[in-house]
Amino acid sequence: MQSVKTNQSMVKKSQFGMVMKRLAKNKMAIVGLVIVIILLMIAVLANVIIPYDYGYQDTSALLQAPCAKHLLGTDNLGRDILSRLIYGTRLSMKMGILSVLLAAALGTFLGSIAGYYGGIVDDIIMRFLDIYQSIPGLVMCVALAAVLGHGLNNSILAVGITTMSGYARMIRGSIMQVKGMEYIEAAVAINAGDRRIILKHIMPNAISPLIVQMTMGIGGAILMASTLSYIGLGAQAPMPEWGSMLAGGRSYMRDYGFIVIFPGLMIMICVLAFNLLGDGLRDALDPRLKD
Amino acid sequence: MSEILRVENLTKFFDTSGGKLHAVDGVSFSLEKGKTLGVVGESGCGKSTLGRTVLHLLEPTAGKIYFEGKDITKVGKKELHKLREDMQIIFQDPFSSLNPRMTVSDTIAEPLILQKKLQKVQIGQEVEKLMDTVGLADRFANAYPHEMDGGRRQRVVIARALALNPKFIVCDEPVSALDVSIQAQILNLMQDLQEERGLSYIFVTHDLSVVKYISHDIVVMYLGQLVEKAPSVEIFRSPLHPYTKALLSAIPKPDVHEKSKRILLKGELTSPINPKPGCRFAARCLYACDRCHEPQVQKEIMPNHFVACCRAEELMTGTLQDG
Amino acid sequence: MLKFLVKRILWLIPVVLGVSVLIFTIMCFTPGDPARNALGADASQESIDEFNEKHGLNESYLVRLGSFLKSTFVEFDLGTSYINGSSVSEQITSRLGYTLKITYIGILISIVLGIPAGIIAATNQNTWKDSLSMVVSLFCASMPSFWFALLLVMFFALRLGWLPTVGVKSWTGYILPCVSIGIGGAAGIARQTRSSMLEVIRQDYVTTAKAKGQSHSRIIWGHCLRNALIPVLTVIGSQMAVLVGSSLVCETIFSIPGIGSYLVTGVNQRDYPVVLGCVVILSLIFSLTMLCVDLMYAVVDPRFRNILK
Amino acid sequence: MSEKDVLLSIEDLVVEYSSDSEIVHAVNDVSLQISKGQTLGLVGETGAGKTTIAKAIMQILPDPPARITGGKVIMDGENLLDLKEDKMQKIRGNRISMIFQDPMTALNPTIVVGKQIMEAISLHEKVSSREACRKAEEMLEKVGIPKERYSDYPHQFSGGMKQRVIIAIALACNPELLLADEPTTALDVTIQAQVLDMMNELKQEFGTSVLMITHDLGIVAETCDCVAVIYAGEIVEYGTAAEIFDNPQHPYTTGLFGSLPNMAKEGGRLKPIDGMMPDPTELPEGCKFAPRCRFATEKCRQGRPELRSAGGSHVVRCMRTS
């Protein structure tokens, strides 16, 4: 139980301020946050900071090992790997964030209906989710990609629709848990209507687990999207998507290892950063933790 | 004395996988204005369900509820809306009865905002006044629930219940989660509020010493059935129902010299799902006979002292004929 | 127990049916013309009509769904591929063995590595062992399995030459693929085992055991492990889904003739019956594994068993 | 109390919990003695350090946050705090055992009840497992549970029955001292009466001395021979039950009695202690109760009052001479 400092008064602290203060205590989360911010900046400023255009083919320097001119070397068509990685950050971030937003929107919609109204509606939706989730994630994603076709936007759609069920189940669970709380009964007792209860009482408390899952979800989405590109279903040839860069570099792996190492490393760092940030947020957003 | 609330044959069943759960089964009582009715019983006896059903937080399965003489059993949305301003509820667990994401002042202001009668500034003043009446220092206005201890949190819950200036409050075990010294402060606060505002309470608890102190009349419940109702002094001096006797004898008295002789019940609570007709205490009662298996009727053996036990008179007069 | 088994298997049927209907519906209602893909962009109109006729693509959705379900679940015939006309069911049955081997060895590796790592981390918390195993498992969890596979191939197969880079002629061919998909699973299981062990160590009954005079190690292995395994089973279930997915990619990397690679080629060629068949079979594999996980629940958690009695 | 029949004595025990930034002073220089066959009641409110003292005796305090920074726990002339872990394990459950507050979570849900009792027996007594099993069944009967339920799982028992199993586990090896940490708080009053009665019978039968930790003065009056009142980690008053109940000296003890609803005369108002429990990370100087005490003087706020005698074995830590 939080022991209250009896004397000083309580200044109005915004929720965001408190969460940030708690997050700052967790070193690993800060590392994650810093990397995420750097990645976002790279994604936004991609055009400005890349040394060469991602499609420019320097025919004089095919498959060149990392050197002064090309810091991370060039691929089989002489394109500068560093620039392609930087531009790839923009693609991956776009894919990750948009697909998570889509999944969260669909999931929240389905989950809140099932969670709030319960009864038969809840059963039907839950059975649908059971069936939906009995298809392994990547298998569903690949099937969707086949149907929707290749390309970046289609893989965003595919990943979004595939991961929707996790959010739906999570939102339904947290709504049901919050609905059982006595402060919801108290809200009904002071004449709060359904809309007010959902917006003011249920959502703010059901949101924090959603934020955590979305943060972790971005990492997962990037992983899935790059897998799609790797097997040739995501972004197509000229686009410097990390997955397709890996696929491209595979046949030159024997002698030019560096082509394969850096894109994979970028994916890992990106996913790692979001996982660290997600873990940190989970503890920071838990209202019962001491400040 | 004008009667603020009367309940006749109130029944509430829950459908469970195993069958029908008889949470509240044919309970009738009335409550005078400005008085406190204590509802006491062990866990699973349906006392919380009773409190919530009276307030329409749970829809009654059968029976009638009269509030200030008006039948409010079947009530439309608008009328219920108006009713909710006169009837409020206080919960047991200070942790889960406050929205962790709202500050104290927002929580207390919420009912006033919903009422849409006062402007923002007036609401602010009203909140300050309410915090003052429940003894909360102003510096807690911006505090979040997890930053306060149980006693202060319960004061916020009481302030929220008082915001709409209700006439009647159901208190569902309001002090059970608190320490003895804090409990005494809250009980005094509730008594002062009753005197100042003429509030009437239904006070639900499993703590017999608390119920004796605060209530004018007491209702004892067992597995959804009302077994005895009487003025609080009367019940403690001469309990008539065998269960009430056992319950009172089980309280450990803080008195070293007078070691109480205990009536020890045998066995455990029977299941409330699809119970057999008649008295549900028969399985554990020392005086059970076959007459106990018919439905029991609430009889007024002594003035204002009702008992639902066919052998109550015999017990009282000590003329026990066997079964 | 038997009642539970029967109930759980009966529940499997609507799930697999539901999966087939779901996938079939998605396949039907999407843009893109399978005929033009199969016969090439410049194919003549009649050949396209004749193709549609042959594969019954013109009938209404319900009729096609009915015939698909009948053929799949009654005659166990998953139809023929649009591209080379080969029977899908034969292909799948011949490839089933490879996929099963990879996924089950993979899940075995993740369990064998994951659970001990989690326990070691939990039992000596806040020591270097704990932070090391958690950092390693965090890295493995964030690493894309196909990249890890490439690194393994580059290092073990190309650089050191110990293992074959491609194909599964001998058992050695299975090592790299299974390790590459197993490690990711191990990371997830290790983190869950650690957190549920820490949760259990804080429980009251552990203090009761200590108050009995029980030794620390006997408490960990006797009391804690069994209770901590219950939530871990759920994670094994979800890791299995990830594993079946990543076996898809791993089969393309190591060109293992499993259902995964067959699905990928089917997807690339927009060969719908192949895609349909593969998805249904992979979901079946996954659901059967989940059935085993549920059985494990009943073995480990008596409360679960009690609900069934 | 002559030296010979003292079973266990705690001398100047100090226990602290260190959370990341603050130090919580849970137990401050507590000295207590428990004689053979005697039941000592330890009364105080939440956060007063009652459970910490019991866990310190048993050495089962969670080590990272909690630290015993001073004092001794003497049993048979030996300081338990100096014992190594394996020797302490021989004492736990055999010579000193403990029962906990919440029966719902105190039993391992995945092991049958009988086996959990048998485990305690076979740990300390060199008997065959069949013999241990028979003894476990006998213990079950003693606490009022039919021995046929030996192989039922904890979730098949009600709260009251679970607490009986826990008591069976604790008394399986006939310990000399039983530490009961609010054993019946989580139970209904009729079940509590049954459990308390059973504990009293077994106490007589085994001649076990008991440290009864509770916040309910009613239970203290019914089960305890001597009483120690604890506030903010300090013993503020100690004496026989009669001395404490008949003329409580310390303002906190009188305040506790004043807050009890069933002690209030008809229609009388409660006289609660105003203010809140002190913040354990910033304990006030001098007497810890001074901020909430009606009689507090400047002297109380400076020096820490000593335990002074108030007649017989009745001692009180208060400077105010009545």
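By written order: A, B, C and D. Residues from 1 in each chain.
Just so it is clear, contacts are C-beta pairs under 8 Å (C-beta built on N, C-alpha and C of every residue); 3 or more make two chains touch, one makes a residue touch a chain.
It should be emphasised that the depicted structure is a prediction, and the values quoted were computed from it without experimental measurement.
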Seminar exercise, completed: If you tally C-beta contacts across A-C and across A-B, the winner is A-C
Exercise. Looking at CA centres, what chain is most distant from chain B?
Worked result: C
Problem set entry | Centroid spacing, where centroids are CA-atom means, of chain B and chain C in whole angstrom | 54
Exercise. Distance-wise, how many Å sit between the C-alpha centres of chain A and chain C, to the nearest whole number?
Worked result: 22
Exercise. Quick one: chain A and chain B, Cα centre-to-centre, how many Å?
Worked result: 49
Exercise. Got the chain B residues that touch at least 2 other chains?
Worked result: 149, 152
Problem set entry | Contacts with two or more other chains, residues of chain A listed in rising order | 1, 3-4
Problem set entry | For the chain A and chain B complex, residues of the former touching the latter | 1-4, 8-13, 15, 18, 181-183, 185-192, 196, 200-201, 204-205, 287-288, 291
Problem set entry | Footprint of chain A on chain B - complex, ascending | 52, 55, 57, 81, 84-85, 87-89, 91-93, 96-103, 110-111, 114-115, 138-150, 152, 157, 160, 163-164
For this session: Can you check the complex and tell me which residues of chain C touch chain A?
Result: 14-16, 18-19, 22-23, 26-27, 30-32, 138-139, 141-148, 150-151, 153-154, 158, 240-242, 244-246, 248-249, 252-253, 263-264, 266-268, 270, 272, 275, 278-279, 282-283, 286-287, 290
Problem set entry | chain A to chain C touching residues, read off their complex | 127-128, 130-149, 219, 223, 226-227, 230-233, 246, 250, 253-254, 257, 260-261, 263-264, 267-268, 271-272, 275-276
Problem set entry | Contact set on chain D toward chain B in their complex | 45-46, 158, 160-161, 188-194, 196-197, 215-222, 241-242, 245-246, 255-264, 266, 269-274, 276-277
